[in-house]
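Take a look at the structures below.
What follows is chain A paired twice: with chain B in the first complex and chain C in the second.
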Partner chain A sequence: MAEMIKLFVNGNEVEVEAGKNLIDAIGAVGIEIPHLCYHPALGADGNCRMCLVGLEEGGPPLVAACKTPAAEGMKVLLDADHIKKIQHDVLEFQLINHPVDCPVCDQAGECSLQDYYMTYDGQKSRMTVPQVTKSKKMDFGCGVIHDQERCVLCGRCVRFCRQITKTGELGIVNRTDTARVAIFPGRPLDNRYAVNVVDLCPVGAMTSADFRFKQRVWFMKKERGVCHGCSKGCNITIDHNREKDQDDLIYRFRPLFNEQINGYFICDEGRLSYRDENENRLTEARLSKTTMSLDKAVTAGLKEIKRAEGIVILISPDCSLEQMVSVKSLAEELGATLSGFSDGYIKKGDGDDYLIQDDKAANRAGLAALNIDSSQTGFEEALAKAGLLINFNNDLSLFYDESSLKKLFKEKRVIGVTSRNTKLFQMANLVIPVASFTEYSGSIISCDNILQTFNRAITKNDTLVDICEVASLFGGPLKTDRDRYDELKKIVVSLNDFDPDTIPATGLKLT
Partner chain B sequence: MSAEVKTLKREGSTLAEKIYFVEIFKGMATTFGHFWRNLLDNSNLYVRHYPEVEPEIPVRWRGRHRLTSHDDGTVKCVACFMCQTNCPAECISIEAGERLDDKAEKMPVKFNIDLLECIYCGYCVEACPLDAIRMDTGIYSVTDNNRESFVLGLEDLLKTPGAFSEEEYKKGGA
Partner chain C sequence: MSDRSQLISTGEPFKFDQERDTEFERLIKRYPERESMILPALWLTQEQEGWISAEAIAYIADRIGTFASKVFECATFYTMYHLHPMGKYHICVCRTLSCWLRDKQAIVDFLKDEIGIEPGQKSEDGRFSLEEVECLGHCGTAPVVQINGEFHEEMDVEKLKALLAELN
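And now, the complex of A and B:
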């Protein structure tokens, strides 16, 4: 727990954390100081002047809150007339050349300038001269579209590219009316975190090409989730909406602040991984070519299991811990060999020293924690002896090409339990559709050994079952969530002090 | 404040009325009075000759919707979704797309109004920042024999003209 200090805001005493600037310190207790250029990840710049506050006694009468550390006994003025006039006048300056095209702007609804105008300004423009026109819809690369007219020149995007990605593609050129955020000629944004500038931009100057015009933000429901794109386990906000007569669809992933894991950002690849949740999903169970209901498919699966001489169960390293224990206990029940072979998920050299990892599997640490063998030889030897492979969502095609897959599956029966309608699972004799990671609750362990839980965010029109349930339908002994958690507790010692609902939302660092 | 009580005399309790005989003829006299008058001269009937004679629709009447267009025929709507946001019946569904004719950045590629769900409240017209949707077609009767035809698309909404002149519409308090 950080050291606490007492200071006064508008004459009322508040207790805040020491060592922070006024915006963060006072913001943490629910008092907002308007600001455009300051962002906790990028530090104070002090160029927008929106956060000017008054100080009674000691120090200058006016200070920028982003650059002023909170100090014991400080008397901060926020609601004095002269402060209100400053906020009002700064906004009037910002809006001189702003096009006010909120109706067609994707940022509308989550725009600081819009919110501040409603709170602090609220007057009609007094300008009588024509507005300065600037370039619109400029392609900055990496799926970022820039609108110079909407820009308030806070420089967050510029600082992001300099401080965080250290690529420095953006800059502000010229002064006053002619100042613009721009790229160097022929040198567009070129880094794997570029779309974060869209989230950083307090106004609608940076918009995402992928999300452009797809939804108005107020229609979407927001749910917390954990990205399954790689083993980092970045926290995300899942923005989804069920439009009239349609299914519940995800429209974007946005980073969600988690100090322990990803800070304020996520990579572009993870951001776009929402598409896999909407597209190319397996929705119907299938025995060779005929589609059937889940009950019938399970019956067919049970028949296969009964008939089989030697079973290998393969599990995906993306599965949650709950799914892994379910499948593990199923394997023990059936006397099958369980493998977590998934070398194909590792892309050597793809990771960096920031967020992106080589390992594209979300829960490989979970495989290790549950002592599931994931060696190639273990898997191949077991499969050579077995007659039936039950594949729980493991994408083998990442490792084997089509001909070697055919060789592998020769004279074998294959049951695929999957969320994806890929070529690999079209080769299976029986496929059973299951929920994808936004549609179930569970927990995973990241590469940094942090255990995180997440809840179901999406409810499809035709809800699919979870892998846990398929495992229990196939005869697995773990029937309820409680059973699974108790089993998990036996294996993951750190969980002993926790219940499913008391695991910290920011993740539990395992020792 | 006490309510003012007015006691009405109960009719029909005299003997002559209770027998009905005289009363029947009195009633017939009224009926035939109307019959003969209308038969000889039907110029001022008490009933409306609908549908042969259509009623006069005032400018402020909220009829079926239409989308307005610029002088060159392009759609005024910029797909801001204000009407859809404001619609209490959730009968509007829009899909937005890129606009390339320099009039705006954005335009609707799909604009559906389900007239079976619409409650004709006019909130969409009020919400529109560009006067792109109006209910001034004067169409008050929407009939058909299948559900699909009640969903109006972008084309249908654009091709219906307004029933009033611009001047009348503006004066109508819109």
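And now, the complex of A and C:
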């Protein structure tokens, strides 16, 4: 627990954490100090002057809250008339050349400038001279579109590229009222975290080419999720909406702050992985070429299982722990060999020393924790002897090309239990559609051995079943969440002291 | 202040000549950070070419080992760096307080008539370019005119006429 200190805000005593600046310290207890250029991940810059606050007794009467550490006994003034006047005047300056095109601006609804205008300014423009015009719709690369006129020159994007990605593509060129953010000609944004500048931008100057004009932000519902793009397990906000007469669709992933995992950012690849949740999904069960209901498909599956001489069950390293334990006990029940073979998910050399990992599987640590064999020889030898393969969403095509897959499946029956309508699963005799990771609740273990739980975020019009349920329909013994969790605890010793609802929201570091 | 961010590209690779190369290597030893060389390197470029092209900015950035965006920022911030070709004689007239009060406008008006260009332009024959600049630091002897880096103090229209005749 951090050291606490007492200070006064507008005469009221509050207890805040020591060692933070005034914006963060006082912000943590719910008192807002308006700011544009400061961001906790980028540090104080002090250029926007929006966070000026008064100090009674001791020190200068007026300080920038972003650069002032909270101190014992400090008397901070936020609602004095002269402070209100400063906020009001700073905003008037910011808005001199701002186009105020909120009705067509993507940021409207989550724009600091808009919110601050309503809270701290609220006056009519006194400007009678023509505004300074700048460039709009500039393609900065990496799917970032820039509008120079909306920019407040806080420099967050510039600092992000210099401090975090260390690629420095952006700069603020010119001076005075012609200053603007620009790329050097021919050297556009070129890093794998670039779209974070869109989230960082407090106004609508940076917009995402992928998201812009798709949804107004106030229509979207926001849920917490965990990215399944690689083994890092970055926390995300899933923004989704069900438009009239349509299905519940995801419009974007945004990073969600989690200090011990991803901080404030996520990679661009993970951000765009929401598309896989919307597109190319398997929605109907299919035996050979006939579509059928889930019940019939399960009956057909049970027949296959009964007939089979030797069964191999393959599980995806993206599955949740609950799914893995369900499938594991199903395998034991059926006397089948269980494999988690998924070498294809590892892209050697693709990772970096920041967030992106070589291993694109979300829960490989879970396979290890449940003692599921993932070796290639183990899988291939077992399959050679078996007559039936039940594949739970494992994308073998990442490892084998089409001809080797054909060879592998020769004279075998294949059941695919999957969320994806890919070529691999079109080769299966029977496919059963299941929910994808935004549509079920579960827990996964990241590459840093951090256990995280996540809840169902999306409810489709035609809800698909969870892999856990398919395992139980095929005869698996674990029927309820409680069963699954108790079984998990038996295998994973470090989970002994925890229940699903006692695992911290920010994740549990396993020892 | 106008937008200076539209850089001109020559289409040819830029490189310091032998003399500037040596000077660059001599100067860079002075600074604990290589980035401190941005402004001197821009000066060297301007000395060599008379102006600074997009290629030159990229060259400086790569030579120093910094981001091109940083050199771009510096080059566009300081109006003393020319980002397009200037006339053979580049005339700067100071427009800050002392010079303004001591009638810099008469000088600017005279030059506009005489050469036929507005501040920020270059004459068609390429001989002259004219610019109004901020304080040149010669307030005690205002108004001041700077031609190709050389100061001419306590100027008036008569003196300027003589000076132009000399240049011609």
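We adopt the following convention: the second predicted complex is superposed on the first by the 511 of 511 C-alpha atoms of A that agree within 3 Å, B and C clash if a C-alpha of one lies under 4 Å from a C-alpha of the other, contacts with A are read in each partner's own complex, and residues count from 1 in each chain.
To be clear about the criterion, contacts are C-beta pairs under 8 Å (C-beta built on N, C-alpha and C of every residue); 3 or more make two chains touch, one makes a residue touch a chain.
Small disclaimer: the values here were computed from a predicted structure and weren't measured.
> Quick check on the superposition: with chain A as the shared anchor, is it clash or fit for chain B versus chain C?
They fit: once the shared chain is superposed, the two partners occupy separate space.
> Return first, second, both or neither, reflecting whether A:K137 touches chain B, chain C, both chains, or no partner chain.
The answer is first: A:K137 touches chain B but not chain C.
> Looking at the overlay, does A:E243 come into contact with chain B only (first), chain C only (second), both, or neither?
First partner only, chain B.
> With both complexes superposed on chain A, which partner does A:T176 reach: first (chain B), second (chain C), both or neither?
The second partner, chain C, only.
> Name the contact category of A:V104: first (chain B only), second (chain C only), both, or neither.
first
> Is chain A touched at more residues by chain B or by chain C?
C
> Determine, under the contact definition given at the top, whether A:F213 touches first (chain B), second (chain C), both, or neither.
first
> I want to verify one number. Taking the Cα centroids, what angle sits at chain A between chain B and chain C, in steps of 10 degrees?
90
> Once both complexes sit on top of each other, what is the least C-alpha distance from chain B to chain C, rounded to whole angstrom?
Least C-alpha distance after superposition: 22 Å.
> Pick out the shared contact residues on chain A: the ones touching chain B in one complex and chain C in the other.
Comparing the two interfaces on chain A, one with chain B and one with chain C, no residues are shared.
> Show which residues of chain C lie in contact with chain A when the two form their complex.
1-5, 7, 9, 54, 57-58, 61, 66-73, 76-77
> Along chain A, where are the residues that touch chain B in the complex?
Contacts found on chain A: 101-104, 136-137, 212-214, 216, 218-219, 243-245.
> Using the touch definition up top, name the residues of chain A that touch chain C in the complex.
Those residues of chain A that touch chain C are 134, 158, 161-162, 167-178, 180, 182-187.
> Quick check: in the complex, which residue numbers of chain B touch chain A?
78-82, 85, 90, 93, 96-98, 104-106, 129-130
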